[in-house]
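Just so it is clear, A, B, C and D label the chains in written order, and each chain counts residues from 1 on its own.
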Amino acid sequence: MAINWFKYSAPTTFYPLAGKLIPWFAISSAILFAVGLYIGFVVAPSDATQGEFYRIIFIHVPSSIISMFLYLIMAGYAALGLIFNTRLSSMMASAIAPTGALFAFISLWTGALWGKPMWGAWWVWDARLTSELILLFLYLGFIALHASIDDPRRADRAAALLAIVGSVNVPIIYFSVKWWNTLHQGSTIKYSGTSMHIAMQQAMFTMLAACWLYAIAIALMRVRSIILEREKNTKWITELAEVK
Amino acid sequence: MGLDIWMRENPLTYIWVGSYAVAFIIFAVEIAMVIHKRKITLQQVRLMREASEEE
Amino acid sequence: MKKLSLFSLLLLVIRRDLVLAMRRRADVLTTLFFFVMVVSLFPLGVGPEMDMLRKMAPGVLWVAALLASMLSLGRLFSADYLDGTLEQMLLAPQSLSVLVLGKMASHWMVSGLPLVLMTPVLGLQFDMSVEAIGVLMLSLLLGTPILSMVGAIGAALTLGLRGGGVLLSLLVLPLCIPVLIFGTGAVQAVTSGLNVSSHLSLMGALLVLALAFTPWVTAQALRISME
Amino acid sequence: MLEVSNLACSRGDHRLFSGLCFALSPGQIMQVQGANGSGKTSLLRTLCGFISPDKGCISWGGTDVRELAEDYFAQMMYLGHLNAIKDELSALENLRISAGLSGMELSEADAIAALRRMGLKGRERLPTKVLSQGQRRRVSLARLLVNDARLWVLDEPLAALDVGAVALIGELIREHLAGGGMVIFTTHQPLVVAGMEMRSLSLS
């Protein structure tokens, strides 16, 4: 069956579709959070070396992973918007940015909380934490640039270019930070790795899925507001049920 | 040092209050902000529509 | 009338910007003074222990160079933007990327090269060894052009915006981190008796990469900002 | 040569014009008219490719200008509100550099001749910051003399000019049209081009 993807790339069809999808994503995200927390705190045993503290990784690792992927997805949407001049993809990019930044922040926060009992310091210049911090700066740069340009089209295009340059730079930054870290014999976060208990893995994957669904739901909610705002002069917006 | 000892004695509370609660508060704030934004935008759109209908 | 070749176009832009910089010397000198001053403030802030200063020197000089180049980046396109020359550049029938490359090159000669030349004096303030100063100069020589080139993208994106200068630093500084790491890493390697060629060749690779892509990206950014 | 079809352009939320169609053939001149804010400058900037239109197409010799890109830029020249001259440079340096930016190597003798024709005799080597507004505009307009572009896009070329200079511009445009050139311009002052039919396009 051939699906006409272009049909869904128009704000007119995407807006109601997103509205219908949001509750599903939100509800399944909430259920998975509950399941993940149950497995993570009740089923999974405490770790031999780290005691109970390792349980932070159920939120720390998913938020790190998601913050990195969201940057790439955001850059991808931004690039689509820049190249094919599609309005919706630029809107998606600016809807994803705040969520990505918040996940980066959560990852840093939980990383610090995990570091305190492990190393006795809130902040350690570990390669992964440092890269995460730089990632947060990149998100903030994207948001700040988008916010300081008044003309929405120029804002979209300028921020898109920045996101593309940033995503090309992310691997370079990551490897240089990693290299810098090994040079200075810094400590590197090591998770239980291969010896991870099956329940720990289940908890981690459930939480990861829950976070993904949350990120999708919130990004869709935000993009609906952006669509409303940008297209407020068009006819179809004034005919929407919620506007009347 | 008080915190260090307390932390070792109550690891689960430390984890819960320190990371999970913070994460969920952040999520809640984000959701509230998005809902608020939608309300404001809808209001604006309605105002625009009424203004154009009066013309 | 003769058609200009791309290379002579490049030289024309470089020469023009250098002449303009020479006629507005104050701008060039402020950047240099800023660099010297920031570097000189560090011993006052952290105390005069020579051991610690010697260890800190490469990082301090590199960060100061980074900040000094941010300071001058705001001017890279703004004068041309305000007097309309940028419009004419966008209509250049030859390559806009070449014009941009010329502007990057002259920006480096005006704001990067003086810092490199100033380094030995400042290195002595920090009691650095001769080899360390040599490597530091070499790493700055390879690295400051990258700062000018990556910075040009930010300068083009923030053209004509309110608070452009601060925003520019926010956008560009994270992108410059690898340069900082390899630059200071090279000096630390030489002081601890390790081989510096790997750091410097990585820096060289970054320079080649920047040369290949940044002029084009900056040209696109300028087109976006002129709309 | 220059064809514009169904062009629409907006600034922010505000639609400036839409469904704009016209064509310009060699030897023709067109004045864009309209009140302030009607989009005259935006139209000219769209023709230069600074602004990408919302809808419609601009073609040059039958090909979309976005495809031609630099080949199109080689055949047109734009004079905007801003003079594009540097205060620190002399009139001569300014003229030679702007010719250079448009890809031409201009000899000193040619540049001086052009500046003299613009009535700047004796001021060629002064820094432009000591010149008056009108004289600076003349330096900027001297580019018309040292360019072989076929299409001139002039935004308010007569601003700050005295009667003599206006007459001179009229003459320059007539020569350009006689040589098969095209001109599209905006103005708030009357411009007489002897013996040429002046077309007009009004934006409302």
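Here is the rule we go by: contacts are C-beta pairs under 8 Å (C-beta built on N, C-alpha and C of every residue); 3 or more make two chains touch, one makes a residue touch a chain.
Keep in mind that what you see is a predicted model, and the values were worked out from it rather than measured.
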Report summary line: A student comparing C-D to A-C should find more C-beta pairs in contact for C-D
Report summary line: Taking the mean of all protein C-alpha atoms as the centre, the chain whose own C-alpha mean lies closest is C
Requested in this report: Starting from the Cα centroid of chain A, hunt down the chain whose centroid lies farthest away.
Outcome: D
Query - Whole-Å gap separating chain B and chain C, where each centre is the average of the chain's CA atoms - result: 41
Requested in this report: Indicate the whole-number Å distance between the mean C-alpha point of chain C and the mean C-alpha point of chain D.
Outcome: 36
Report summary line: Cα centre of chain A to Cα centre of chain C, whole Å, reads 32
Query raised in the report: In whole angstrom, how far does the Cα centroid of chain B sit from the Cα centroid of chain D?
Result: 54
Report summary line: The positions of chain D in contact with two or more other chains are none
**Report entry** Residues of chain C engaged with two or more neighbouring chains
**Finding:** 227
Report summary line: The positions of chain A in contact with two or more other chains are 151, 233
Report summary line: Note: in the complex, chain A contacts chain C through residues 134, 137-138, 140-141, 144-145, 148-149, 151, 153-154, 157-158, 161-162, 165-166, 168-169, 172-173, 176-177, 179-180, 183
Query raised in the report: Quick one: in the complex, what on chain C touches chain A?
Result: 153, 157-158, 161-163, 167, 170-171, 173-175, 177-178, 181-182, 185, 188, 206, 213, 217, 220-221, 224-225, 227
Report task. Spell out the part of chain B that touches chain A in their complex, as residue ranges. Result -> 4, 7-8, 11-12, 14-15, 18-20, 22-23, 26-27, 30-31, 34-35, 37-38, 41-42, 44-46, 48-49, 52
Report summary line: The answer for chain A against chain B in the complex is residues 37, 41, 51-53, 55-56, 59-60, 63, 98-99, 102, 105-106, 109-110, 113-114, 116-117, 120, 214, 218, 221-222, 224-225, 228-229, 232-233, 237-238, 242-243
**Report entry** Contacting residues of chain C [partner chain D, same complex]
**Finding:** 1-4, 8-9, 12-13, 16, 19-20, 23-24, 79, 82-85, 87-95, 99, 223, 226-227
